[in-house]
Amino acid sequence: MTMNRLPRIRDLQAGSAGYGFFLCAKKETRSGKNGEYLALVLQDVSGEVGAKVFQDVDALKQEFDAGEFVKVQGRGNSFNQRLELIVDKIRRVMPDKDAVDGFREEECIQCAPRPIGDMWAELTGRVDAITDPHIRALVDRLLVQHEERLRIWPAAKEVHHAYRGGLLEHILKISEIALYLADAYGAKRDVVFAGVLLHDIGKLRELTYDITTGYSVEGNLVGHIVIGVGLLRDAVRDLPGFPPDMLLELEHLILSHHGAREMGSPVLPMTMEAFILAASDDLDAKIHQVRRAFAEDDSDGAFTSYHKRLGRVLYKPSGS
Amino acid sequence: MTMNRLPRIRDLQAGSAGYGFFLCAKKETRSGKNGEYLALVLQDVSGEVGAKVFQDVDALKQEFDAGEFVKVQGRGNSFNQRLELIVDKIRRVMPDKDAVDGFREEECIQCAPRPIGDMWAELTGRVDAITDPHIRALVDRLLVQHEERLRIWPAAKEVHHAYRGGLLEHILKISEIALYLADAYGAKRDVVFAGVLLHDIGKLRELTYDITTGYSVEGNLVGHIVIGVGLLRDAVRDLPGFPPDMLLELEHLILSHHGAREMGSPVLPMTMEAFILAASDDLDAKIHQVRRAFAEDDSDGAFTSYHKRLGRVLYKPSGS
Amino acid sequence: MTMNRLPRIRDLQAGSAGYGFFLCAKKETRSGKNGEYLALVLQDVSGEVGAKVFQDVDALKQEFDAGEFVKVQGRGNSFNQRLELIVDKIRRVMPDKDAVDGFREEECIQCAPRPIGDMWAELTGRVDAITDPHIRALVDRLLVQHEERLRIWPAAKEVHHAYRGGLLEHILKISEIALYLADAYGAKRDVVFAGVLLHDIGKLRELTYDITTGYSVEGNLVGHIVIGVGLLRDAVRDLPGFPPDMLLELEHLILSHHGAREMGSPVLPMTMEAFILAASDDLDAKIHQVRRAFAEDDSDGAFTSYHKRLGRVLYKPSGS
Amino acid sequence: MTMNRLPRIRDLQAGSAGYGFFLCAKKETRSGKNGEYLALVLQDVSGEVGAKVFQDVDALKQEFDAGEFVKVQGRGNSFNQRLELIVDKIRRVMPDKDAVDGFREEECIQCAPRPIGDMWAELTGRVDAITDPHIRALVDRLLVQHEERLRIWPAAKEVHHAYRGGLLEHILKISEIALYLADAYGAKRDVVFAGVLLHDIGKLRELTYDITTGYSVEGNLVGHIVIGVGLLRDAVRDLPGFPPDMLLELEHLILSHHGAREMGSPVLPMTMEAFILAASDDLDAKIHQVRRAFAEDDSDGAFTSYHKRLGRVLYKPSGS
Amino acid sequence: MTMNRLPRIRDLQAGSAGYGFFLCAKKETRSGKNGEYLALVLQDVSGEVGAKVFQDVDALKQEFDAGEFVKVQGRGNSFNQRLELIVDKIRRVMPDKDAVDGFREEECIQCAPRPIGDMWAELTGRVDAITDPHIRALVDRLLVQHEERLRIWPAAKEVHHAYRGGLLEHILKISEIALYLADAYGAKRDVVFAGVLLHDIGKLRELTYDITTGYSVEGNLVGHIVIGVGLLRDAVRDLPGFPPDMLLELEHLILSHHGAREMGSPVLPMTMEAFILAASDDLDAKIHQVRRAFAEDDSDGAFTSYHKRLGRVLYKPSGS
Amino acid sequence: MTMNRLPRIRDLQAGSAGYGFFLCAKKETRSGKNGEYLALVLQDVSGEVGAKVFQDVDALKQEFDAGEFVKVQGRGNSFNQRLELIVDKIRRVMPDKDAVDGFREEECIQCAPRPIGDMWAELTGRVDAITDPHIRALVDRLLVQHEERLRIWPAAKEVHHAYRGGLLEHILKISEIALYLADAYGAKRDVVFAGVLLHDIGKLRELTYDITTGYSVEGNLVGHIVIGVGLLRDAVRDLPGFPPDMLLELEHLILSHHGAREMGSPVLPMTMEAFILAASDDLDAKIHQVRRAFAEDDSDGAFTSYHKRLGRVLYKPSGS
């Protein structure tokens, strides 16, 4: 193998050549001009890229699977205006051995841009600012119960914040916005903050996450909104004296945060705090999609290609 | 006072005169040709009727309120093709004293057509037919916890089965249908029956019911679908060994039973049992509205007047 | 040719080899690694499978067409987790000659699971139970006029019951359900049964069916709902004394059975019988799609893949 | 009684006084400052007006009914910016006797602005221009069968052309437009004309019309679109040799003329002729509503009051 | 007349008596038990109240009109749980004479809660913080051109901020929010601020405002969104060197600020700034409606009455 | 190269061979049985055709681009029932040299069927018929300002009239229809004609057109409706004395011509002229799509293939 290390995926170019470690996110057999080949999608912390394997295809069919880390030797290629990776050699990673050559599992996984430690520190800082003792007790309890997952969970399978730490990143961004709006409109800060923390907490059980993201049985049958209400009630059960009306207000925040029945909220926002939470969540999800569309777009014109979920093209900021 | 007893409201005629006991469901002050009068809505077990009080209006303003039982002396009158009751005397019921004259609280309240005891016996009979031990234990638990309300609760504030025992009547009718459909399509009988019992159980807390029906705070903020999931989880918590997947299936039945997100179901039916429950519930609610429209319609033509909720007129069966 | 007979399509495996008789439902020319090949879809009574022909492609282009029965020699192959048939030899069936080797036209066509004779017997049994003489005369007339097609017609081109005998199967299943519901709600049994028989009768002219299914000119321009009303009126024209109001009620059942204008019903259900028919039809069509999705799904997880028409994934019953 | 004759309703003023003949379209008993009074709606050929009777109310309750012609003595009055008629005397018309004083039934009924004889002559003139012999035979047959009703029927109960001769007026206006469009786009003139004549022909049985307009049983249960297809098929049955494909095209024109399923068309326009018919019908109905809104509006500003069915205000042409 | 001055409308009680100055916002003649009476709606800076005049009704019909300031002598009365004002004397205000008794036009008009001078100062402060010279020049120009109206205009006829200074109040509140969001997401501050100032600027011509609010001809025919684009282009025409792309971005902000085509935006947000503006505007309008519903609600329960525009009841904060 | 000239694309057959000049509208690299090949779409004035290049693929990748005129030597071929062109040689056109061999740029571009000179003459003829002096002055001004683009612009990128001169063709066809409708309903002819000319005038800046059609930045961010209002205001600015109300009416015509908010019109038609314009535009666009679907369809049956935008199949006129 060549001694060169390939650059990160975001920096890959047509001239790049060398070896690298990636997560193999998809693997398919296709027919091409020289017979069958493997069409892969490889990921690292910086993004993802299509790859093709034309050699030893039959042997490689069994050699590794989608969802595994792989060591790859290859070179960047430009095909129909898109960059791809032509793979010369590929095998499953051998963790101990490959660590010597620079394999780090966390560098092969798409991840929130801020370090998780930093984000967790910001979260606990915000918790310290809570003044209502019941909400403080509730939030403490939730963090104790769910810290492990809250630190790393993605916020979605595909739409937005769909990577390691994405849920925490989303919670923090909405916290910032929603607390500001709470002050601006005289809504209850602590209730809003608890709502932000709780609104997607059901995703800790709706989504499965172990390198790749999927839906659990409960996720499909029940959905994160109602799972979240259950997690809230479970936490409150351990908190004697928690005011029943406050519990209802918090359940209402979770249930109404999609803002409309056809978006999956069985009740509509009926409190100022609920209006603020729904607006903050919706805006953050949309802005995240807009930014990602800008980042992923490599066309020449002033507009991105058509964004199916948003139902429009987007105007690229000049200078970006 | 005349010694005659007025007939039940459904049998009231223009010539009827005498005294009777009713629930005063509404009370308003209006302006008429001879000054202010009171416009009432009176109910008994057989139906409801508009009533007017033209005498002693000022005094009577304070004498009784909507939501109270009243003793009324008056006579039937036909006004613009509608039967009404002209009230000569009216006062709040004095329970002990008036019992002698025939006051029975239960006869003043709109009620399901079948006696509640009969309906409850049918329900427990259906419970005895359950073969799955976990579902049997769950249903037994629910009946112990909620018997008092399950016996008498209405199924809605207005739309359908909106009277004493209406929820139980609705549960039994859907049981009959849904179990037949379960057999017809090879779905799981016991799961379907549990779903029928559970689907509206949240209404025990969504609605307040004490002679008149309203919405609780939890009813508005959370809604009966998610309240119901909570009641199910509470019951299961006391049942060690209840299979987790079965719990999810039952939660799914409750959550999906409105059949569409815009109807308030946060998830869509994904199991045969869920399709059967949603179809049975929808049909029973609609047929109930159709029958009530037939019963309440007193026009001459072949069609009822326009039914706002159903968005159509209805064709009256000949001979009915 | 090898002497082995291939198993039925549903039982085909990667190791299977031999000859078989099939209906060629689709035939396309594609480009592959060794030049052009033919991509086929083959059907028999048990299901359908993709097939590929790599040899003698140019000659075979003219040798047979989609819509014809073919004799095939080939072997099962697993490609990208899907089973396919690699065809070594293929030719048009010679009915007399191939009958010796086991060719039976009816075994090459997708068909309802119950034998058509059994289904027809059930239908005539249900007809014998009609008590209203006018409806009995009408139904007898319809069966005389349309028996040939009613026995074998599919219920749809694609959505549900899309195979030989599918319409009859659908009619019988709805009969069972709808008559039960009619009894449960005190609706008119004979009217409901006539509605069940009539509701899709227009499909006998909307669809063309001769091994494969398509739309007739009248089917596209007029649609089965209004064709059905015409067939009803034609039948009644031969029945002097048929009550005009009963005819209107039956027309209404056909016209309203899709339950909503946006589903193609020009009028909404206005009678109890119409509500029952629309609910039964809708449920049977959905359950059929659910079962077929279960049967066709071969993934590992607890859920089927996304079902476009139903707009959701489905939860696979454990043990199935 | 004064000898003066009241002017027509459109010309009634606050100072008008005298007697007149009207159709009593509505009659209700209401409570007012001096006891009960009768609130009427009176119509003549020029429009309609509200009227009040304060005298002899009890006696007059039985004296005449809505739907009857009445002789009225009264005077114009302005109440809350609206003109009304204060009735001093009123009785049922005695046709023979009142004819002497000028009672003419046709002058008491709202009617299309053009004389019916003129309109019918225009229609037969258009029929003479048909060149296709089959369509000519069909149209002749339809006119023979339905002339009596076609001459006088309204086009709707409320929305547009809701008066005597309204359907004929609507047919003629659309003929003019749709034939022009047929020439402009090279569509088949005779087919378009037949479609115009046929598109609402079902209204001859959907609506009942005998001074006042209502819905027949068939109108509600089947609707004018499908009734119309039946009338077409009935007419064609008497025309041997009528081309089957032409019949389908004409059925398609009737069925698709509302242009969208949610508007009640079970199929969408699929021919140029169908697009032209649907567009012409829609425009004529809308323009008729616009003009009527202008005619009925008596406000000062530049816009009419909010038009519920059109969902907007309308800008009044200056000078009108 | 009594010498007492009535309290402001918000503080009016059943026992209040005296004189006051109000804007008469509505005036209708109605029939009551003692003959005709006048039903008025009176407003002052603190709110509005229903009023009734039973004396000298005929004379008063001409004495003043809706839209005029009136001097009223009367007393608070509670009728059917609502407070009303029984008027003993009423006449048009004589400005000079009544000024002596305390008449101040501005105290009779509903007005934003903050003094307009304060709000204007905040606005000019925000303008001073603009750093982009083109946007600064544009904003300066707009303020010079429109200061007179911008200071006092309402933001709507009915929905939200529908009072003197309401538009300015709305602009300032969105400024605060949207600039915070711009910073949070790295959007362009100055562009966002210009968008906030411009988004409803068309309302200066869409609405007429002279004590009462209405729609101009241009307002109905063109609408404030497109009027606003015109005002922007007019302002830029005087600013040589204004970057064309920046003009397009600002036009886009105005055009897309309703966020969806069915809400009247001909284009959808395509820039981060546009997403932020649309979200801020929507939230501020909703919160304003929520607060007003809280302020106006005087029922006993935990929920307001049904809010038609928002399509829900609202949960009243405890303690408010 | 062979001396034969290929026929126009519409007349190309499987046997055709020779050279020709085309616009290369698309160019992609694909993998085929003999390695990579180029898949092209070629256009001339009569239509477009798919083409494949199997020789010298690597060299040709750089030799020409989509959007350029090319000289092609090749032969017609029938592949899977579709005609395609197999290219033997291909190169960029050399305008001067190839003119000798018959290259005419205008013959390589899809174009309206009528010569542009004829259409322009018809337009100026219609202008001469204007009687209102203000509208005449406005239209003259618009023609002076925009003649160059108005003569050649397409009416859309894809949907309808998407070729050279398409906008002019569309304007003329609507003029014919809308003026007829104006007379039929007594609407203002000159206003209608101005509306027709103006309704899509914003497309002159919304679309970029230089052989191929695209969207400008302004087109995406602002849209042709609001661009059109700006062009109208610009023109009127030069016309002193233009009546302000007439300007508003014309702006309203542009803004409302899509007929519904969800179609991008920020206001709904409120004048008769606006109803007529919207109906004419909608019908012309639909008929154009219908005709094109007929022209492009080459299937055997009575119906075209499914038309996605219209959401239906279309019935092909017999004989066409």
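Labels for the chains are A, B, C, D, E and F, by order of writing; each one numbers its residues from 1.
Quick note on the criterion: contacts are C-beta pairs under 8 Å (C-beta built on N, C-alpha and C of every residue); 3 or more make two chains touch, one makes a residue touch a chain.
Just so it is clear, the structure is predicted and the values come from calculations on it, not from any experiment.
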| item | value |
| --- | --- |
| Partner chains that subunit B and subunit C have in common | A, D |
| Same vs different contact residues, subunit D with subunit F, by half of numbers used | same |
| Geometric centre distance via CA averages, subunit F-subunit B, whole Å | 63 |
| Rounded Å distance, subunit B centre to subunit D centre (Cα mean) | 44 |
| For subunit C paired with subunit D, centre-to-centre distance based on mean C-alpha positions, whole Å | 47 |
| Of all residues in subunit A, the ones touching two or more other chains | 32-33, 217, 220-221, 245, 249, 252, 270, 303, 313, 315 |
| Which pairs of chains touch, using the document's own definition | A-B, A-C, A-E, A-F, B-C, B-D, B-E, C-D, C-F, D-E, D-F, E-F |
| Residues on subunit C engaged by subunit F in the complex (per definition of touch) | 28-29, 31-36, 215, 217, 220-221 |
| Contact set on subunit C toward subunit A in their complex | 32-33, 79-80, 302-303, 313, 315 |
| Contact set on subunit B toward subunit A in their complex | 217-218, 220-223, 225-226, 229-230, 233, 245, 248-249, 251-252, 255, 261-267, 270 |
| Subunit C residues touching subunit B - in the complex, by the definition given at the top | 173, 176-177, 180-181, 184-185, 188, 245, 249, 252, 268-272, 275-276, 279, 282-283, 286-287, 290-291, 303, 310-315, 317-318 |
